[in-house]
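What follows is a pair of complexes built around chain A, which joins chain B in one and chain C in the other.
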Partner chain A sequence: MKKVFIFLLILFFLFLPKISSEYWTFIAIEVLIMGFFAMSFNLLMGYSGLLSFGHAGFFGVGAYTTAILLQHGFNSLFLILLIAIIVSLICSVVIGYLSVRQDEIYFAMITLGFGMMLYTIAHNWTDFTGGSDGLPLMNEPILNLFGKKISLISPENLYFFTFVIVFIGILILWKIINSPFGLILKGMRENKNRLNFSGGNISSIRLFAFTISGTLSGVAGFLFCLFSSMATPDFLHWSFSAKPVIMSILGGAWNFYGPMVGAAIFFALEQFIKMYTDNWMIFLGILLIPITILFPKGVLGTIYDYAKKRYNSKS
Partner chain B sequence: MTTQKKDTILKVDNIHHSYGKFKVLNGISLEVKRGGITALIGPNGAGKTTFYNVISGKFPPTRGKIYFNNIDITGFPPHKIVKLKLLRSFQITNIFPELTVEENILIPLILKRGKCYSFFKDLKKYKEFYIEAENIMNNLGLIEFKNRTVSELAYGDKRLVEIGITFASDPEMILLDEPTAGMNPAETERTVNLIKDLSEKSNVTFFITEHDMNVVFSVSEYIFVLHQGSLLAQGTPEEIKNNQEVKEAYLGGSV
Partner chain C sequence: MEGFVLNLLNGLSWGMLLFLISVGLTTVFGVMGILNFAHGSFYMLGAYFCLEIMKYFNSFWIGLIVAPLFVAILGFIIEKTLLNKIYARDVIFQLLLTFAILLILDDSVRFIWGPGYHVINPPDILSGSVKVFTHSYPVYRFFLIILGPVVAVILWGFFHFTKAGKIIRAVASDREMAEGVGLNAPLVFSLVFAFGCWLAGLGGALASPIESVAPSMGEKIIIESFIVVVIGGMGSFPGAFIGALILGLVESFGTNLIGEIQMAIPYLVLAIILLVKPTGLFGKKIA
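Here is the complex of A and B:
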């Protein structure tokens, strides 16, 4: 039942650009990237119980690495992706190492601080990053796939490229949360004290989770740079870090696909409200209040719980 | 076994601990023999929990040394002390509330086997973990709650889950901090029988604190009495019952 559902969902995503307009294809790309960013972030918030407010930093590092490399004549997208992964991995390890000893609000604040340091670099180091204007992609990103050159300017091609990368990323996350390490993370969320007194080294477990989460956020940044054809300091701003928080809570932080569903709802609401007014954030805020009251575990999380209860009472 | 019982598993040498200026432990020295059940008693505020916190690595002693199996563990962090097989439970139920009973037991098993950093292999492929968890749940009478979320269980069963978590780490010694705190008489009896049973079946040394004197005198082979951060007396249950100092300081008219 569940497998059939996932299969249909994948089928839907595969044929989406064939059946929708370019406009909606672009929105679908944005949902996939931001949903994947939120899912990576949620490995920390939902699974490990750590609220990082600096994840936009890693997202931005991925985006800027891509933009800078493309500007300097690198043309293999796979090589660029690899370098983006390495750079965001290094940033995650360093920032993670300095943050994981803190708890709760202190952890949130220290990650916010590091995120803003990265923002300041992107904003003020004008020669290298283009300053507040950002760094536009001068060269057309071309994917070299077995000798075939595919331009990612075409929304359909970009969509499939994004879909494949996001799919692999989600597969990695799925493997991790179903591994022994995944259960250890949930244990840390539930009771880090007990975990410590069962033989778990809290700082080390957190550092691993932080590094995985930050690196995958960098991959999301890489995709987002191709999507928006530029990298700007906004990607690193702390308010950008709030997006995955909202998406995770909206969809359900305790559900694997919750953040992706949250991202879809987020952009659907944006599109819907923007038909009437440009100040869509105000109305989004107003709508978020009843949604969080009606769906305390997020939209997907609450529906899933309800379905499980119905299923259990039947059998 | 009889020769083993004579050697010391835990040796505490003149430990002190203070919270700021307030001295909680004033130079306690004691030796716990291997095997069986040893008890630590004392009135509220005597420093029992602080004593456990210091031994288990929650905070280091301000002065003094702790030896476990002749290894100096003074100042070790908790997870390293666990690796040496000295485990503890807590006075306030300390479990993983939103996980199932089985998951609660699996976590210490994963950590014990060093599979904490296994990132990509499916947990379900570790069949041996599930078999071992099943055994532990059977021993504790928790098997019927296997797939229930722990937060839904009755208080007494939650405490058993905690003993299960402690036991899953394959301990040589367990510090049980008031294992029957807050239990009704039936639950207390069940838990006491269980501890006796576990102690007889395994080679684990139990070191328990308890406020219920009936429990203490019925289960323990040797008793230490703490009073105002110092060791007041030690001996067999009979000796402690008849010790005049202990009566005055702690037991009052109740015995």
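Here is the complex of A and C:
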């Protein structure tokens, strides 16, 4: 049943640009990228119990690497992706090393601080990053697939490219979470002392999870740079880091696909509210208050629990 | 020599402002276990309230006294209506809730006062300048440098020698035990949060003559006070003071030494302290 559902979902995503308008294709690309970003982030929050508030930093590092390389005339997208992965991997290892020795709020604050460090660099190193205006993509990104040149300016092509990369990324996350290492992560989330006693090295397990999560966020940033045709410091700002947190809470951090669903809900809300007002942030704040107070297990999680309780009490 | 003294003065005055903000943040964290993302927004509100009050009374001193009180009242209401519902919950919900408050406050300020800058003049008595070698240096900054330690001593005395201070420390160290001996912990929480907001508002009102009053002013200071609190040790009072001094001085001297990458200096300090002492300078070991 579940497999059929996933198969149908994939089929739907494959044919989406054929059946929908360009506008919705763009929305779908953004949801895919941000959902993937949130899922990478959730490897830390949902599965390892570490709340990072600086993930936009890695996302932005991926985006800026892409923008800078494209601007300097690199034309192989796969090479650029590889370099973006390496750069965000290095950043994740260094920042992860400094952060993973702390827990909870301390971890959140330290990652927030280092995320803002990356933001500051992007914002102030004007010669290299274009400063507060960001870096627009001057050259058309062209995918060279077995000698066939495919332009990613076309929304449909960009959609398929994004879909394939996100699909592979999600597969990697799936493999990790269902591996022995994934079990160790969940064990760490539930009781880190017990894991420590049974011989697990907390710091290195965390650092490994942090690195994977940060690197995949960099891949999401790579895609987002192609999508928005630029990299701006906003991508690294801590209010951007809050997005995957909110998406995970909306969709449910304890479900593998939850953050992706959360991303879709987030964009639906954003589109809806922006039809009426420009002050989207204030409405996001007003929406977040009942979400944090009334839904202790995330929105979908709490509704699911409630429905299950109702169902059980009836039967 | 002259450059050194000017940097020292700049560093000290900025450090004292940072201290006022960080000490509120760290007190609220130490007592309630809540990291208030919106703390910078309360700081910003302090400056805007001061600006608004000065329109009617044309006196900086009235603004300085009244504005933080309004911020404190707002903080009290927010604690009573929102924060007190999530103390038992996961950290993430606490952070998201204070983040939501930040979004609402920041955007409301932008909506009410506009996105532009406002300027507040220091009161006449403090508006002159003193000659430091060949440079003239604003008296107002000297005022800040003196005020910082005064506030620090008053706060320290308050926490250690008054009954209210002892009650706060009792609730902070063991809430259940404190309630067991008849202390009203929920009220203490509300008052402590209001007190933290008052300190933030005071910092904002004090900063208004030297920093331009704008919607983005809260963001700069909240990130830096996070760094202060982490390098000083979370919940530590002397940590906030020393941390703020270190950060203020390093930033001020950094402007001369390195130039373009000076904005990254606070984060380098953070990285070095974390490498040497992961719990911060005055932090207790976390189990």
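Assume the second predicted complex is superposed on the first by the 282 of 315 C-alpha atoms of A that agree within 3 Å, B and C clash if a C-alpha of one lies under 4 Å from a C-alpha of the other, contacts with A are read in each partner's own complex, and residues count from 1 in each chain.
Keep this in mind: a contact is a pair of C-beta atoms (placed from the backbone, for glycine too) under 8 Å apart; a residue touches a chain by one contact, two chains touch by 3 or more.
Please read all numbers here as calculations on a predicted model, not as lab measurements.
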item	value
First, second, both or neither for A:303, with chain B first and chain C second	neither
Chain B versus chain C as contact partner of A:186, first or second or both or neither	first
First, second, both or neither for A:249, with chain B first and chain C second	second
Contacts of A:197 with chain B and chain C, given as first, second, both or neither	first
Contacts of A:142 with chain B and chain C, given as first, second, both or neither	neither
Superposed model, chain A: greater residue contact from chain B or chain C	C
Partner chain(s) touched by A:90 [first = chain B, second = chain C, both, neither]	neither
Partner chain in contact with A:285 - chain B first, chain C second, else both or neither	second
Residue ranges of chain A in contact with chain C within the complex	45, 51, 53, 98-99, 101-106, 108-110, 112-114, 116-117, 120-121, 123-125, 238-239, 242, 245-246, 249, 279, 281-282, 284-289, 291-293, 296
Complex contact set, residues of chain A against chain B	175-176, 178-184, 186-187, 190-191, 193-202, 205, 208, 212
Chain B residues touching chain A - in the complex, by the definition given at the top	56, 77-79, 82-83, 87-88, 90, 94-99, 103, 106-108, 110-112, 115-124, 126, 165, 168-169
Complex contacts: residues of chain C adjacent to chain A	29, 33, 35, 82, 85-86, 89-93, 95-97, 99-104, 106-108, 111, 223, 226-227, 229-230, 234, 260-261, 263-264, 267, 270-271, 274-275, 278, 286
